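Every chain is named by a letter (A, B, C and D) in the order it is written, and numbering of its residues begins at 1.
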Amino acid sequence: MSLDKNKIAQRIAQELEHNMYVNLGIGIPTLVANYIPKGIDVEFQSENGVLGMGPFPFEGEEDADLINAGKQTITMMPGAALFDSATSFAMIRGRHVQLTVLGAMEVSENGDIANWKIPGKMVKGMGGAMDLVASAENIIVAMMHTNRKGESKILKKCQLPITGVNCVKKIVTNLAVLEVTKNGFKLLERAPGVSLEEIIKATEAELIIEEEIPEMIL
Amino acid sequence: MINKVVNNIESALKGVESNMTFMFGGFGLSGIPENSIAALSKKDIFGLTCISNNAGVDNFGLGLLLKRKQIIKMISSYVGENAEFERQMLSGTLEVDLIPQGSLAERCRAGGAGIPAFFTPAGYGTEVAEGKEVREFNGKPHILETALTADFAFVKAWRGDTAGNLIFKGTARNFNPLMAMAGKITVAEVEELVPAGELDPNQIHTPGIFIQRILQGKKYEKRIEQRTVRSRE
Amino acid sequence: MINKVVNNIESALKGVESNMTFMFGGFGLSGIPENSIAALSKKDIFGLTCISNNAGVDNFGLGLLLKRKQIIKMISSYVGENAEFERQMLSGTLEVDLIPQGSLAERCRAGGAGIPAFFTPAGYGTEVAEGKEVREFNGKPHILETALTADFAFVKAWRGDTAGNLIFKGTARNFNPLMAMAGKITVAEVEELVPAGELDPNQIHTPGIFIQRILQGKKYEKRIEQRTVRSRE
Amino acid sequence: MSLDKNKIAQRIAQELEHNMYVNLGIGIPTLVANYIPKGIDVEFQSENGVLGMGPFPFEGEEDADLINAGKQTITMMPGAALFDSATSFAMIRGRHVQLTVLGAMEVSENGDIANWKIPGKMVKGMGGAMDLVASAENIIVAMMHTNRKGESKILKKCQLPITGVNCVKKIVTNLAVLEVTKNGFKLLERAPGVSLEEIIKATEAELIIEEEIPEMIL
């Protein structure tokens, strides 16, 4: 059965490692914070200037001066730090933030990502996405395998204007976990109950399938 | 001690003219110079180039300047949440230069720090890189980005002193310290203005040398864009 | 919260080897990582390249490493006040790369910030510019300077917490925050180590993300180089 | 009569303008702080990371954590600010510091300055001098007109390795005040009791002498 957004986030949370600094994008990636495995300490960075981001505030405790990059009111964990936008992107560009999780409209088999612009539509801008994908050591994409028209978002080549080149390392979709290798997409896991055929059918790019593909453990 | 205090917003805005380039601190609606923007939106100045991470919302922040069509060009990283913006952009009356957020921050800092250009990996291989020099360092391609400066920078701090020293609060710091450095004239509005000597020199975020005028803001709405909360269990 | 605490200087120095590049915070003897330097001077590691604004004095600071001939190359802006340094340099056993102080600071910051190179006017037309690309911006020639990084950076702060967040005191801040950013492994020694949550997030000078190991320094001599006073009248 | 170091500093202090940020080098320049004209507010920046530098501390109040670029113990004025070295040179390189006063070994008629290196001698380094002379709007040199051997330090062309090009605006020596113009050195003032002939004799470069040269008023 195809995963919902929370399950995708839950699967991505398994990628978190102890002592990692992580930047979570807007949408599904934000949900990853709800599934941090036990015994794993991570700190969340938000590019508007906070490290050690905590959960949403209790009602009545919202502070206009404390938001995340999605402009949502947040809190801070003990040991948090605040800084300006240049220092924030120094952390990102300088590869101090180790993992970036973000959404995408398309990913290609060489790891290019497109997630900021659809020609002909109102362009809102790339925000911090181009800096993040150009610099993070590890970039995981969280997205639906296909778009609303049922077309694959896992492509031989991105059709939309790209956000960054050769950067995506892993993709977790509602159907599968894919790794970007130098030979293309390697299928790692299937969503529970989803068949190999369903995944292949939903994927425009070639898939490298070695041995038997296990189901995700959630 | 050099005194930077101006007593009202009119004095703070002295010298602003049509066709100038302005910078505005803030991320979304957090940490924006509310009083400066409101006053600018009442002045008959047009053809402005505005450098700001975002473009406000329809009836607040830079949305006020957009409504009166005072802005001819926006330099930003993200300009969603603004219908008037979209109308003007699609009709071609508003030019928009979209810049990766980290490059925007660093270009403002560079402008203030006398660094005319620097290399960054952000945007390589994308349309942001079009027309820009590409060079490889450590086996990785980077693009050359140039500094940004402005005729006026408008920033907002939590506390400030008469010498122009600023302390920001929370994530309302964001672009403010960087744009403060990059304005030929930087106007700082603060929630609380105190005499020089009251702030701990070790806690200053923006030293007064970067500020030309400081004033106590009259009123702060501090609007929240996305009020997200959790329930008490 | 990520815990960066190491309990002793041996753990803090784990992994240091001969022929590595080290950065040391401090200006003169102010704000230098005294405990790290003292411990390094007792290890049998040699052939070190050291990046530090100054080179200590004969029997203190980096002078301790110089005395044991552990350093093969110094990258600094000013290296006076050290007779042993002079002897080794004049005899050709110590290589010295002198860099304008502002370029040194910015190159360390750049190294930590993922900026591989930037243009600066400092040093144009001088021997510092030899072999470097020159380009004109706004009618003024600038030279291209590249980022500096290190295998280890050693910094010293006034207060720090278990998450690695640092607060410096007075002018002992100097190069410390910049080198903290540029070390592959950055070791921070502090006068006072407190639990995460005790420092105000708004007053942190160096966020813990830049620090890999933090420890409470055992003893600080905090030597003054030029004790200048005025008389009470 | 030729000026002593304090008188040179006193004359330079007349160049201070209200609301100026000033960086004073080591030696004679440091003394300028003792002669700030009445009614003039200035702030002193020291490149190791302080703005609003005050006088030396009272005995017993020295703080190893509060020094100037000459490594001397100092104090701070009310409204002072502390910062790191990169921010400090952002102030300098970004031309926020308006006036730099520093010493020199040689100045040439196009405004080049040499003050950091003597070939064959131990080289201590340029410290912040190259950044300062490359960026300050206004650079005033404080120095003796001639060196210990009696040779002019005011030259057609610097003989020593230079610190910066086309940067010096004014020179105050024990004998004279000179302005660097695009046509060369223009003599502005004589030290009290010093004759035009003495100045010309002590100067290797050509001097532009228009009208009568007044004595400095100290």
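We take it that a contact is a pair of C-beta atoms (placed from the backbone, for glycine too) under 8 Å apart; a residue touches a chain by one contact, two chains touch by 3 or more.
As the structure is a computational prediction, the values presented were derived from the model and not from experiment.
Looking at C-D and B-D side by side, the one with more C-beta contacts is C-D.
Chain C and chain D have centres, each the mean of its CA atoms, that are 28 Å apart.
Taking each chain's centre as the average of its CA atoms, chain B and chain C sit 32 Å apart.
Computed from the mean C-alpha positions, the centre of chain B lies at a distance of 36 Å from the centre of chain D. With centres set at the average Cα position, the gap from chain A to chain D is 55 Å. Of all residues in chain B, those touching 2 or more other chains are 106, 109, 113-115, 120-121, 168-170, 202, listed in ascending order. Each of residues 50, 82-83, 86, 89, 92-93, 135 in chain D touches at least two other chains. Here the touching chains pair up as A-B, A-C, B-C, B-D, C-D. Chain contact summary for the complex, chain B toward chain D: residues 1-3, 109, 111-115, 161-163, 165, 181, 195-197, 201-202, 204, 207-210.
Here chain D touches chain B in the complex through residues 19, 21, 41-43, 45, 50-52, 76-83, 86-87, 89-97, 135, going by the rule given at the top. Touching chain C in their complex are the following residues of chain D: 46-50, 55-74, 82-86, 88-89, 92-93, 112, 122-131, 134-135, 161-165. Residues of chain C that touch chain D in their complex: 27-31, 53, 76-80, 86, 89-90, 96, 98, 100-106, 108-109, 120-128, 158, 168-178, 205, 222-232. Residue ranges on chain B touching chain C, taken from their complex, read 106, 110, 113-121, 135, 137-138, 142, 146, 167-170, 202-203.
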